[in-house]
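Note that subunit A is present in both complexes that follow, paired respectively with subunit B and with subunit C.
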Partner chain A sequence: MPAMETTGAGGVATAARSATTRTPGPTPRGAGRRQRTFEQANRRLKWAMLAPAVLFVGLMIVFPLVFTLNLSLTDAFGAVNADSAHIGLRNFGDALGDTRRFWPAARRTLVFTVGAVVLETVLGLALAMLMRKPFRGMRWVRTVLIIPLLATPVAIGILWLLILDPTNGIANHLLEAVGAPRQEFLGSVGQSLPTLMLIDVWQWTPMMTLLLLAGLTTLPEEPEEAALVDGANAWQRFRYVVLPMLGPTLATALVLRAVDALKTFDILYATKGAGGGSDFEVETLNVYAYGLTFDYQEYGLAAAVLVLFTLFIIGVVVLLRRRGGRKNA
Partner chain B sequence: MSATLSPARTGRGRRYGSWLRGVAITVVTLVFALPVVWMFAAAFKTNVQVTDPSVGLWFTPTLDNFRAVVEAGQIVRSMGNSLLVGVVSTLLSAVIAVPAAWAVGRFSMHRTGSVILVARIVPAISLLVPWYYLFARMGLVGSYTVLVLSHMFVSVPLIMWIMISFFAGLPVELEEAARTDGLSAFGAFWRISLPLAAPGTATASLLAFVFSWNNFMFALVFSDDRTQTVPVTLFNFISYASTDWGGLMAAASLITVPVVLAAVLGQKYLVAGLTSGASKG
Partner chain C sequence: MSTSSQPLSRRAFGRLAAAAAGAGALSACSSGGGKPSADAPLRIMAINHVWSQAVKRRTVEFEERIGRRVSMTLLTADQLASSYNVKLNASGTDVDVMMVRALQEQLLFGHNGWLADLSDRVANDARFAWDDFQEAPRQASVTAGKVLSVPVVTERPALYYRKNLVADLGGPPRTLEALMEGARELTRRKDGFYGYVGRGQRSGAVSQWSSFLYSYGGDFVVDGKSGIGSPESVAAYEFYGRLLAGSGPPGATNMSLEQAMPIFAQGKAAFFVDADAIYSSFLDPKVSRVRETVGFAPFPAGPAGAKPHNIPSWSLGINTFSRLRDDAWEFIRWAAGPEMSAALQKDGIPGARSSVWADPKALSAFPPELAEAMRLNAERGVGYDRPRVLQVGRARDIVGRPLVAGILGQSVRPVVRDADAEFADFLVRDNRHKES
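Our next item is the complex of A and B:
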């Protein structure tokens, strides 16, 4: 505590200002030097604080990315320490010319993501508007809402396998009770992907709701009250006042959710197994790349698929960010 | 607020509207709660009752499923493994991520901090292949070390993401005042900001633990019979015991209970953690 005496009763406020700005104030002699050492210490300190985390994450990303890029140019196959040769871009040609597995998987990835995220956004927004004003039991409703997104995805898969079981599930029992035809759900090739999309909607709509609720609470009330005075009805106030103000939150939530939806793996793999089912019916790019690597040891081709998949995700993010940015401008 | 926003509404109309809203909120809550309730209920049913949907939620509960699953042993071992990997990876992550988040926030190093965003965008599986390649050559696949490292790759960005916005919300004047009173920059972090950030750190760590507990893909690749974590055990259960619905539901319930407990006890903090950073755009 030696600095205490030198600063004396000069006032915490002035000293605090000079500690950050370097303006020569009415501070005693020696303060300038202390200033410099502070800044030097700061420079060293900030890197010391930052380095472990950034190095860890950087090493865990950079090395693998370089490695994957290199691997995608080889014919690596079988044992991990087997010899492999560089074969140029042939893996990329193979992947992009593959209309049996690669392109259908790319299409499913896109269909799953767009379908799920659009539904989650619309329902999430509706729910957020519904829960916007405080109500009795809000705490419990929010507790229920976070359970689907915190629960283990594999457990969620199992729970829906039970509910949607074609012969013994409660879902078909309820459909029958209201006179609707029984469904195959995950038991059929055609219904598997839409069913999993709806499970994803069940699991992640709460996330959208919570994100949008957090955004709604930060909005100022005045514009809405002004619109009310001008005679706008509830829908008009929502459409022309609340929605534009909510734009930035909506855009961020959309990007976060889309990135995660593109990478969905657990629930697809848990309910349909390797290859996304007998007819590859829920095989997305993620599931395809996983199968190529760990079921077929096609490391070279898998790496090429992964490079394409990563580019695909980055493309979606850039597209969403640009569209979101323009809307907000 | 509803009074200022809708002065034109009659009392009866407003009461009707709020009644309708109450019904809507109840229905929505049931839609999200009932599937989970159904799973827990099934865990207490006999296999005959599980496969008969007309049994519903009124039946005499039995603990046989839990007894059988626990006696089989693997699930208990796996819960131990998941607990170990989750606690160690979360603690190590917090130790490196919290100071880093503070540095990013205090010294406006957002460009450097954006490395963290990259970690959220890149598909984990594109890193999994090289990690597997590397760790297999080092003979580490199946070890706790690899599981902890791979889980940390998720936890470090998550904790940084939450803590950057948490530190941004702390008044910088407190630290400045502490520094003029003679504390070093590190001292200001250690004695002032860190204690103030305790609730944020707890939230971020709890979320990191939950995501580690849930992690399936990394554990599927990197764990072996000895180090298996709960999602993998559950997944294996699907294939070899697909007709034992009761056992399956008991196992699924066992691994969901800790998460539900966390949700009930830490709801306020978890919601804040999950939504932090997003509303700032």
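Our next item is the complex of A and C:
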């Protein structure tokens, strides 16, 4: 007899649950046993089906997180597997007390994210509104629009480096042709971050456009038609009818894009190299953590910076979701 | 028989899953001990450099000799360093021969125990002739008394100049002051043309700036303490900053070799100081517009004389975790041996063997003016071009800050004071790491 039916409260509860699903009326003994075995196997089966996903999450997400958290509490240097001592929260204190690299990197991360995402949202929404109604050549426009999304960030970085080269780049030739002064772009300490924000906008505005366009196509037309009948102009219909209805899509697109922008690394590294430029001018938290790991081999401090960075991202997501939720309520 | 139909309890299932996961993880992580099969290739990771390309073209000869396939992966310097960090932190066996920068990575890799000790192999191999390697590169291969690498490519700075432009200046500058004056004069003459181009990135510029530093009488470290705050070092910082700020192209602080070289090759600059190993780029009609006018000169003298660096830019080592260490050593014997060194130097790739440098035939591939400049620079050379510390990356970031301030036209002295204090603290920490 299966142990579950004879021992413990859990077994009784399980039996009771099984009884509720059983067919009423007398059942032959053998058939009842088979039925019970099938139900128990069924219950186990769900664990078997879940196991690959649980294992994957455990190995690929939970283990690295726990490992990084543990590493952040050590003075690991040189090699991850070298002898290291647990030093409590000292790495976190060092990072949070570092006004030369950590806090400027945090500020740049925020500036880059806010600047790029706001521009991408505004431009993406404007383009989505323009493309909302079918027009001739719409398929071509949509195809062209996704080209920047298909290119790899490193290729984009090299492409823009060549275009914006202060001496040999085509951008300065064009500026000269229209009588504008030459610019240093990525060669300048002051212009590098804004230039990279604009490159990010060039690359990711199409994604915002496509997301918002998908949201716009699902909106009902009646409220807008009613507003039109009531005499609302185009701006009023957009501001008071379309935008509130688009809220949930907009909030989701913002969260997705903001998290991605916070984590930007490849294009910064491809254009400015290790350390985010000669004056650390584009060093974000991601670039800083990479430098600590691969250039300085200070694994304990790097892990602490990454833990703080993860908390920072979670904070931004929670903030955006709360604000999005409040607006949609 | 009832047991056979009993389903697994939840706990038993959990144990089974954990055991399966553990076994899976172990089998994935394990390197599979024991001797590798005859089919396993000898894996070489190398920089994408003319030396590696030339060796790769010749590997069939080596494969036939040892009866094993060779797999050679060529990467950029940054990619190579990151790959080593990832692979060797996991005690990876999937790399046998490692091409390393002796002055950048060797101290740290030695500290981590990632490079096999080659002392006995080089000492017991008369044909390999370890003593034939130049003194400075040979010394750079030794860490804590152990030979951890074998130098294969050496490098000195050369002064590249435009013959047609310096004719009325009395020829190429022989002193740093003459270089400054010539660069300023030529910048003044033509709009959109620059008297001097060179590396200006905080970290990337440090190695080329080292020759200016030594020629001004300064050094990175003096008696174990920071030397970058000395009057000589400050003068070297100020000179380099003035040179690029006054005569360099815009955006110089974002320039490493990849950005600076095309400006000279496109004929937009008069002088360029960088590694002598890149001279062929200016003779290649596909990328150079200065093929007919480029000249080569030794590094100019500063107040303390001409003291360029003469360093092993790339060396070969063996991964401690490799299971093909004997074959890896055979590869090093072949690739860094006297015959191969002579053959490659005849193709214009400067190596580290004294016997090859002494052979006029081996220098025939170089333009005569460059060969003479290389010979003089090697004679006068200092054996390192960056601080010799464990954390070279952090050291370069600190030492390079005043360079950037100078290039940006800011006052160098306060930045040097700050960097000097930071470097002094850094050296204390670095020494502590060395002793740990």
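Note that in this section the second predicted complex is superposed on the first by the 275 of 329 C-alpha atoms of A that agree within 3 Å, B and C clash if a C-alpha of one lies under 4 Å from a C-alpha of the other, contacts with A are read in each partner's own complex, and residues count from 1 in each chain.
Please note the rule applied: a residue touches a chain if its C-beta (ideal position, glycine included) is under 8 Å from a C-beta of that chain, and two chains touch if they have at least 3 such contacts.
Every value quoted in this text rests on a predicted model; they were computed, and no experiment measured them.
By the touch criterion stated above, A:Gly78 is placed in contact with subunit C alone, subunit B being left untouched.
Of the two partner chains placed by the overlay, only subunit C lies in contact with A:Ser278; subunit B stays clear of it. In the superposed model, A:Asn168 makes contact with both subunit B and subunit C. In the superposed model, A:Ser188 makes contact with subunit C only, not with subunit B.
Looking at the shared chain after the overlay, A:Leu243 reaches neither subunit B nor subunit C. In the superposed pair of complexes, A:Val122 makes contact with neither subunit B nor subunit C. Of the two partner chains placed around the shared chain by superposition, subunit B and subunit C are both touched by A:Gly58. When the two complexes are overlaid on their common chain A, residue A:Val318 makes contact with neither subunit B nor subunit C. Of the two partner chains placed by superposition, A:Ala180 touches none, neither subunit B nor subunit C.
Of the two partners subunit B and subunit C, more subunit A residues are in touch with B.
Touched by subunit B in one complex and by subunit C in the other are residues 1-3, 41, 47, 54, 58, 80-81, 165, 168, 273, 293-294 of subunit A. If you check the complex, the residues on subunit A that touch subunit B are 1-4, 7, 12, 15-16, 19-20, 38, 41-42, 45-47, 49-50, 52-54, 56-58, 60-61, 63-65, 67-68, 71, 80-81, 127, 130-131, 133, 135, 137, 139-155, 158-163, 165, 168-170, 172-174, 202, 206-207, 210-211, 213-215, 218, 221, 224-225, 228, 248-249, 251-253, 256, 259, 262-263, 265-266, 269-270, 273, 286, 289-290, 293-294, 299, 302-303, 306-307, 309-310, 313-314, 317.
Here subunit A touches subunit C in the complex through residues 1-3, 37, 40-41, 43-44, 47-48, 51, 54-55, 58-59, 77-83, 165-168, 182, 184-189, 192, 272-275, 277-279, 291, 293-298, going by the rule given at the top.
Interface residues of subunit C facing subunit A in the complex, by the touch rule stated above, are 2, 5-10, 13, 17, 21, 25, 78, 81-82, 85, 88-89, 91, 108, 111-114, 194, 200-204, 249-256, 259, 262-263, 266, 268, 390-391, 393-394, 397, 400, 404, 407-408, 433, 436. Across the interface of their complex, subunit A is touched by residues 1-2, 4-6, 21-22, 24-25, 28-29, 31-33, 35-36, 38-39, 42, 50-54, 96-97, 99-100, 102-104, 106-107, 109, 112, 115-116, 118-134, 136-137, 149, 152-153, 156-157, 160, 173, 176-177, 179-182, 184-186, 189, 210, 213-214, 216-217, 220-221, 230-231, 234-235, 238-239, 245, 248-249, 252, 255-256, 259-260, 262-264, 267-268, 270-271, 274-275, 278-281 of subunit B.
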